[in-house]
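Please find one structure pasted underneath; my questions will follow.
To keep things simple, chains are lettered A, B, C and D as they appear, and every chain counts its residues starting from 1.
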Amino acid sequence: MDAQTLIARRIARELRTGMLVNLGIGIPTLVANYVPANIDVFFQSENGLIGTGPIPEAGMAHPTLTDAGGRPVTALPGACTFDSAISFGLIRGGHVDMTVLGGLQVDQRGLLANWMIPGKMVPGMGGAMDLATGAKRVVVAMQHVAKGKSKIVKQCSLPLTSVRPVDLVVTELAVIAFSEGRATLSERAPGISIEEISEATEAELIIPQRVPEMIL
Amino acid sequence: MDAQTLIARRIARELRTGMLVNLGIGIPTLVANYVPANIDVFFQSENGLIGTGPIPEAGMAHPTLTDAGGRPVTALPGACTFDSAISFGLIRGGHVDMTVLGGLQVDQRGLLANWMIPGKMVPGMGGAMDLATGAKRVVVAMQHVAKGKSKIVKQCSLPLTSVRPVDLVVTELAVIAFSEGRATLSERAPGISIEEISEATEAELIIPQRVPEMIL
Amino acid sequence: MKPIPVAEAVAMIPDGAVLLVGGFMGVGTPERIVDEIVRQGKHELTVIANDTAKPGTGIAKLISAKLVRTAIVSHIGLNPETQQQMHAGVLTVELVPQGTLIERIRAGGFGLGGVLTPTGVGTVVEEGKRKIDVDGQDFLLETPLKGDFALVHAFLADYIGNLSYALTARNFNPLVAMAAATVIAGAEHIVPVGLIAPDHVVTPAPLVDYLVANE
Amino acid sequence: MKPIPVAEAVAMIPDGAVLLVGGFMGVGTPERIVDEIVRQGKHELTVIANDTAKPGTGIAKLISAKLVRTAIVSHIGLNPETQQQMHAGVLTVELVPQGTLIERIRAGGFGLGGVLTPTGVGTVVEEGKRKIDVDGQDFLLETPLKGDFALVHAFLADYIGNLSYALTARNFNPLVAMAAATVIAGAEHIVPVGLIAPDHVVTPAPLVDYLVANE
């Protein structure tokens, strides 16, 4: 299983029936492909849709039914649409039960940087700051290491997305949970040792006596 | 013509095609009966309706089509409904071109008191404070004198509705316009002399050389 | 979401709860839920709503049954019982301008820290509140309102909880549905999923916790 | 309200105007109005909108034609030309979190003094802004945004200017229609008065100043 698939599958196991879930672009989007059987969730697209379904078959799209990137989507029965003020009221007001966001860095208190690299491309924060600040639960989907450097750092060197800590980071190596300003290694990827994770992690991790393998 | 009819008819002459107009309870409500021919205005009911029509015929009402007092109304073709946040966004945001409100007192700068008499009944301000503060033009419909006392006063003794001055007061005796903190007698009711108005008015009035009679 | 009996829905509300209630002079208030609250005799309630309606309708039934300790409303003029209980000191009434009230509820539901409104500046409404100058104009800082339960009345609901409203019965309903920990909704008609067009849904299903069955 | 030719509508927009534009990645932007602005070559525009779309669609056409001096948006990541012009110093881009941006526009249209949001606290977004403590939590005071013209794209319009929107093409449109001195709307279909049900109208007719004819 490649890294992205592993991360998406593991995060999909966080879904519970009835949840309103917002998926960011990149790896987070893949989570929708692995919703466990018997789990029914609502996917929100922040451009104004709840009940987002899969990408339409060729020739069956409509130009006014799109995701946050402007790409065609479908809507499931029971879907609803709304304006951007309501969309972000749902997000900021804590009505979104879980958001899955990409990450550039997460520090050991759980603070996330995911929206810009100074001096490089500045795409704009879009909805990321509102999602990271307002969603009931924030899960970060990212590779553990980029260009040889840990993305789970002692302190973010990149501009923060929010000062509200994330709840969970899932990488191709580990699941790390954040609470009360501390990072705890809670699961290992299949076949990955605690030592390998520690070595790939700049942040200080609390390592419990027993660190189970991810169930995917 | 009785006082209320005279006031309502005179105010109706302030209406212009395309205006969005909100009428308060009491005399203001009567204004809708005297809209001049060839003038098309939108009436807003702040409980969530634009395009309010007349009271329905017996047996032709619906319990969910009501005015701000909860009484049955009709809706004209092209009417629309909305929630209370939008309704007051229209009011506070200056999208209501004109509101007609009842008054207890208006002072010579144009400040209005119309929502409570301390020690007596306290109905609550409802939408009056938002209307007096936010509508583009505020017109007060009231009797000139109550219980022998002028209602156009030097300074309001009753609690203010807003510190934003009203634009026009229409009584059964006169039309008084307010601008730059001063009250100007701009019209007399038919058959009423300037002296009669001055005598019935506690506030200082600017009296131009020529004060025409109201056209009704 | 299988609709539940109204008695079961109301049984979840404890004495002392803060209720956000839809409706405007009784229009758009969930009457069956209100009736059941009276039947079960929930006490010491705080009611946040536009008004206390007219005797015999909507929120007025809660007032008449003396179940309300605090009412945060914009208007009580059509309900003499509210006035009597207020003067007798058994009911605390906080009067809020209507546009401010609905924005405070919205701020509560939309995760905002408050509302900056020109309404009430220079009047008794400003007492005890912070004034904030923005570009030379004064605004009152009005704080968010939230509730333990929202009581919502819709025209159509579907079986996952999407709601749409009828005409002037919409009023406070979509806003209170955003601002409470638990949302209980009644509807004139409960229809299969997919029968309310996506563009006509006003309150999205995930906001609704319980749908009251039409028995 | 008789619909007017798009050229006539756009002729009212002066160089240097502040435009509030509906749309999200080009979906729900009034393309014909945008095309006409390009044809008439309106210069030094300020555009307030969610994003600058992708090259060849919506607001991106204004960027490509170098008509925009300032863009107040939440996202420019899908439009490399915006980035190039920004780096070349010919285009000023003010990046605003999306939820803050839409609330600032709403505040402008709804007569509020600003928005108190937790979004951006402790990040670069808070630079130069007031922080307001409400009940022990910090919020940023974000100021209202208004425009000279709103450019709105609806699905249905009726001949007095009521508007309804289709699916995700709604987005910023109903909000920008509240926040501009003059509102110019285009629609997929213009229908007789009465054909849009009152509950399905999203933008009330009195807000719309000009309706663009479908030629």
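We adopt the following convention: a contact is a pair of C-beta atoms (placed from the backbone, for glycine too) under 8 Å apart; a residue touches a chain by one contact, two chains touch by 3 or more.
Not measured: the values here are computed from a predicted model.
Looking at the partners of chain B and chain D together, the chains they share are C. Ranking B-C and A-C by contacting C-beta pairs places B-C first.
Measuring from the averaged C-alpha position of chain B to that of chain C gives a distance of 29 Å.
Between chain A and chain C the centroid-to-centroid distance comes to 34 Å (mean Cα coordinates, whole Å). A separation of 55 Å divides the Cα centre of chain A from that of chain B.
Distance between chain centres (mean CA atoms), chain C to chain D: 32 Å. Each of the following residues of chain D touches two or more other chains: 103, 106, 110-112, 117-118, 166-167, 170, 198-199.
Multi-chain contact residues of chain B (touching two or more other chains) are listed as 49, 75, 81-82, 85, 88, 91-92, 134.
Interchain contacts (touch definition given at top) occur between A-C, A-D, B-C, B-D, C-D. Residue ranges on chain D touching chain A, taken from their complex, read 24-28, 50-51, 53-54, 57, 73-78, 83, 86, 95, 97-100, 102-103, 106, 117-125, 155, 166-175, 202.
Every residue of chain B that touches chain C in the complex is listed here, in rising order: 45-49, 62-66, 68-70, 75, 81-85, 87-88, 91-92, 121-130, 133-134, 159-164. Interface residues of chain D facing chain B in the complex, by the touch rule stated above, are 106, 109-112, 158, 160, 162, 178-179, 193-194, 196, 198-199, 201, 204-207. Residues 103, 107, 110-118, 132, 134-135, 137, 139, 141, 143-144, 164-167, 170, 198-200 of chain C touch chain D in their complex.
Contact residues of chain A toward chain C in the complex are 18-20, 42, 49-51, 75, 77-82, 85, 88-95, 97, 134.
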